[in-house]
Amino acid sequence: MLYFSNDYSQGAHPEVLKRLVETNMISVNGYGEDIFCAEAKEKIKKAIGNQKAEVFFLVGGTQTNQVVINSILQKHQGVISADTGHIATHEAGAIEFTGNKVLPIKHINGKINSNDLKEYLKSFYDDENHEHMVYPGMVYISFSTEYGTIYYKDELVSLHNVCQEYQIPLYIDGARLGYGIMAEDSDVTLKDIAENCDVFYIGGTKIGALCGEAVVFTKNNVPVCFTTLIKKHGALLSKGRLLGVQFDVLFTDDLYFKISKHAVDMASYLRKGLKEKGYKFFIENKTNQTFIILDNEKLKKLQEKVVVSFWEKYDENQTVIRLATCWATQKEDVEKLLKIM
Amino acid sequence: MLYFSNDYSQGAHPEVLKRLVETNMISVNGYGEDIFCAEAKEKIKKAIGNQKAEVFFLVGGTQTNQVVINSILQKHQGVISADTGHIATHEAGAIEFTGNKVLPIKHINGKINSNDLKEYLKSFYDDENHEHMVYPGMVYISFSTEYGTIYYKDELVSLHNVCQEYQIPLYIDGARLGYGIMAEDSDVTLKDIAENCDVFYIGGTKIGALCGEAVVFTKNNVPVCFTTLIKKHGALLSKGRLLGVQFDVLFTDDLYFKISKHAVDMASYLRKGLKEKGYKFFIENKTNQTFIILDNEKLKKLQEKVVVSFWEKYDENQTVIRLATCWATQKEDVEKLLKIM
Amino acid sequence: MLYFSNDYSQGAHPEVLKRLVETNMISVNGYGEDIFCAEAKEKIKKAIGNQKAEVFFLVGGTQTNQVVINSILQKHQGVISADTGHIATHEAGAIEFTGNKVLPIKHINGKINSNDLKEYLKSFYDDENHEHMVYPGMVYISFSTEYGTIYYKDELVSLHNVCQEYQIPLYIDGARLGYGIMAEDSDVTLKDIAENCDVFYIGGTKIGALCGEAVVFTKNNVPVCFTTLIKKHGALLSKGRLLGVQFDVLFTDDLYFKISKHAVDMASYLRKGLKEKGYKFFIENKTNQTFIILDNEKLKKLQEKVVVSFWEKYDENQTVIRLATCWATQKEDVEKLLKIM
Amino acid sequence: MLYFSNDYSQGAHPEVLKRLVETNMISVNGYGEDIFCAEAKEKIKKAIGNQKAEVFFLVGGTQTNQVVINSILQKHQGVISADTGHIATHEAGAIEFTGNKVLPIKHINGKINSNDLKEYLKSFYDDENHEHMVYPGMVYISFSTEYGTIYYKDELVSLHNVCQEYQIPLYIDGARLGYGIMAEDSDVTLKDIAENCDVFYIGGTKIGALCGEAVVFTKNNVPVCFTTLIKKHGALLSKGRLLGVQFDVLFTDDLYFKISKHAVDMASYLRKGLKEKGYKFFIENKTNQTFIILDNEKLKKLQEKVVVSFWEKYDENQTVIRLATCWATQKEDVEKLLKIM
């Protein structure tokens, strides 16, 4: 079987594994108080060009969203998200479970428009009954988005400006940060990300690591006793070294971006082939995810040879599927896939 | 520096790493729906001698306690624990964070006595005001305990009997399950554990894995939609394979028990040496953890060469420290430590 | 000033107060275990024609929604509501605060359409990723709705049928139940309400009481240890008699319905007058609430003499306001209002 | 039957009811934005001699504890309480339900000793593992306590000093505040209470009101958007007037203290009689609650004529019971009770 269902079907980038093996028997302290985490943090701070940034390592994406959002929001506040945002749809209510409402805004291609955001915030404070409502206390966006789209730099700056006007933090879910930054049409760098938000995370799980996400606070805004909060969420890894070693490798010699670019290249190659074959795209985008509309019967046949992701029903007879590439995707696999399709 | 502070100072057992490398590029489904998890589950079920058991893999201990306890308790219930239990002391309020009260019972050497438990439960229902109180809905014990002690088989059976009499589940936190089962004085097997409780977990993090705990439900009692509940807790790993591969190795050729025994042997060797040197023990126990009472000045000197765990102040001039061995402890390191001390 | 802003601007119906005075010095047990509560429960059960129903008294509407929803939902579930539902908008996140997601469905005049509901539920289970989503575990509707509209009997039956098909309870927020049942165009009786849902509450606060809502479980479905759950929510009143006495009076000689009808009559009279004067209605409805669209300047002037409710901005120059009547509204006050307008 | 089981067996003080009747038809705004609440707040601020204090009205005691504690605590913190404190024992886990751990300290006659508190706090910060523990973020005491005892002024000042040293607020649960202040042996005034804590509540439910507690913040320390937080807890009463009117009356002409004194006088009279008859007291105290130890058979007989409160089993043959007086207790009822006993 060919796997194009997602970007977490294989293990870790070989360099990551190699370093885990090399460092395996070195004794260090637990809970992230080790030299590998320290080294990885330094490299990340250098990569984002902000020595004052503070970095924490967590294990997975939903966990990271839950910890960050719950730790930052004040008690009368909720988090604004596109109605297609991961926290609004596919985290099984993890945000609400810890007491916080997700405030959905209509998405445009998976993105929040800064005018819509401004209008939402203005309306909230104009509403004379807002004391009985959940205050917007944070804006959540994903980069790249759940639809594989990205915010361009001017869009990101606009969103951040609106957030600053209303004095609420902008949080970027970077589960696929590398794939977004290295998108064909991206004009956004890691430094741009760091500058134009208040907290974000660099996704490792989908980009070369076995597991792990690096949360970065860039505005001297780490929540009080954040390590205790992480523990309270059941999210503090004893062997923090596992995360430190991996991010150390990913941020050595630009590995993170190189493998992200590879995944995007593979996706572009795939999209080119699909276009030539006349496939119908559900959305236009230029990151590692590709969404196409397939006849249900054709889909069934395809699934005999390829593992793909069900995305949503398009209509009674057609289905939207996702084809994802990643750091591990081989060109020959793309060619096989194109041949099959 | 010598590390005797805990049992998570090194990476994973070499066999575990080796298998992670070997399987790295095999493509599989995410979220634990992979062949490695399936294989590991089969081996665990075989090891406990219960084909109907159901196994789930989680990442860490506090996370596991939070997920299991929150998923099992009914809404009017709390969880009974020794007042020294990990959930009662060192999980930063993770259980309460998700809405559940920990009901402490006085410990005896880190253990709950079944008569005390029975008395607690009887008193609760005798109390005419108990409708205004948190109902005891579960009993939590750790094996081995936070003090490195173990329950003997008759104690375990007694506890379980009391639980059954009051129709509440017994949950065993097995973060150090292997070290408990392989303790010098243990008369408890893995099968005994599985038979005499309702749910338990097999700790991987402290016994050979990079991370990972295997939750086992033995009484056809998996909570409804448990995978969704795990996700809601932010505890569902995308690359579930990471956990599956590790437990597959640990439960191949009894590796889990062999390395547990090694750790216990090292601890016995250490204790023998310490006894000969006249050290004062804080508690008598025969697992991988050793607790001794040291003069504060002597401790300071020791810490120049050895990393140890602060446990608690004994009095103004003395401190209780923990010396932990694990699967990775070398005999020569124990000898070095004894020489230093 | 004239008060038409809401239906809780005055105290209690005089009969209610009179009975509170009469019974004041009678000694009874606390927490609802008193003769007044017992008597009121009997009268309510008689009124709904179901001797097996179980009745509990709570203090306020948001509290009742929070307690009922949190107590009924299973841990993987959320509650479906119209996107205009009170729990989705004006309860400051009370439902999410206790861990449960509100799942919004697009409203039609404040109501959920049973086809939309069915489509929502079908889609959920058709979605291959629904294990990562919040399961719909309950349907919440309000009767009358936040827009003063009502469900007709066939609509109610359809909704309940869909719920039963998917085996989830239908919960009716009856903060304004009397005003809905006695609406000019209503074909729904209290018995219809009780039969066609699984749990509902009879609002007292807005219909003659100082405070108080009566929750009714009609399908042998009281949550386990419900009194303890109420206590856990901080919602158990020591002097439960206060609620019992009030509902006893309200359900004696049909007082609840008589005063509800009076409020509706006053609203009809008001609407007739407004129509004649050419006012623009925001929504057509026949309960005690009236929504009109006013020029902002006209509104300002009106507010010099009348207290009205801001509802929402209609556009830059116009505002939607609510004019509410209640059991206490005097005909002459309506006439004064019409004269002013 | 004679009722001595508690201090909430009757309705409200007649003056309170009278004023509710008088003001019943006056139209006012909802949610506490009315003249009655405003007036009551002024009177309370005058009574405590602090014009900058801020007052909020809530409905019941457990609700108040839940709202205040949850609103004040930071996310890594829990609340210290005597192990006999109401929040630690008889609130069905309401504090934990909203995510906060109760940190118990051994009581002495229902009270926390300031040295014990200091030792607790010192130990916490001395513990090198405290980052994995719940931080003490608040101290909760009740005045009078669950055992009917009171803190003397020097004890209160000592506790507050320790709290200030560790920069955590002291919160006083005043469900029975009047009965404590007016205790025979009390040297504490309402002003002393207000000065020597950071937030407290004046209990109405047990002292003359139908329901209602007045929360007072005295150190310019109202939580951000507190009204929204109250709403989020489901604790915001629509007809806030109900609470305002009652506290207005209670704080007119010292009614609150006069009726509190009456209750204490009745209890003293009762205790004198019981002493003469040779009854064994479970605890010595001088407020409105009396705790005696009775043979179980004698208790059974007593219960044929008197409603008393079960407190706890003393041993196999004896039971501790509570006899409570209140504002409504008649001298002749005490005499009847003494005759029966």
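The chains carry the letters A, B, C and D, assigned in the order they are written, with residues numbered from 1 in each.
Basically, a contact is a pair of C-beta atoms (placed from the backbone, for glycine too) under 8 Å apart; a residue touches a chain by one contact, two chains touch by 3 or more.
Because the structure is a prediction, the values reported are computed rather than measured.
Engineer: Contact counts by the stated rule: is the higher one at A-C or A-B?
Structural biologist: More C-beta contacts join the chains of A-B.
Engineer: Starting from the Cα centroid of chain A, hunt down the chain whose centroid lies farthest away.
Structural biologist: So the farthest one, by centre of C-alpha atoms, is D.
Engineer: Comparing residue numbers, which of C-D, B-D or B-C shares more than half of the contact pairs of A-D?
Structural biologist: B-C
Engineer: How many angstrom between the C-alpha centroids of chain C and chain B?
Structural biologist: Each chain reduced to its C-alpha mean, chain B and chain C end up 50 Å apart.
Engineer: Rounded to the nearest whole Å, what is the centre-to-centre distance of chain A and chain B, using the mean of the C-alpha atoms as each centre?
Structural biologist: 33
Engineer: Provide the C-alpha centroid distance between chain A and chain C, rounded to the nearest whole angstrom.
Structural biologist: A distance of 41 Å separates the two centres.
Engineer: Which chain C residues reach two or more other chains?
Structural biologist: 76, 91-93, 97-99, 131-133, 228-229, 231-232, 236
Engineer: Using the touch rule from the top, collect the residues of chain D that touch chain A in their complex.
Structural biologist: So the residues of chain D in touch with chain A come to 70-71, 74-76, 98-99, 131-133, 135, 223-225, 227-229, 231-232, 236.
Engineer: Of all residues in chain A, which touch chain B in the complex?
Structural biologist: 1-3, 5-6, 8-12, 14, 17, 20-21, 23-30, 59-67, 91-94, 97-98, 205-206, 210-211, 228-229, 231-239, 241-242, 307, 328
Engineer: Looking at the complex, which residues from chain D come into contact with chain B?
Structural biologist: By the definition above, chain D touches chain B via 76, 78, 89-93, 96-102, 104, 123, 126-129, 131-134, 310, 312-313.
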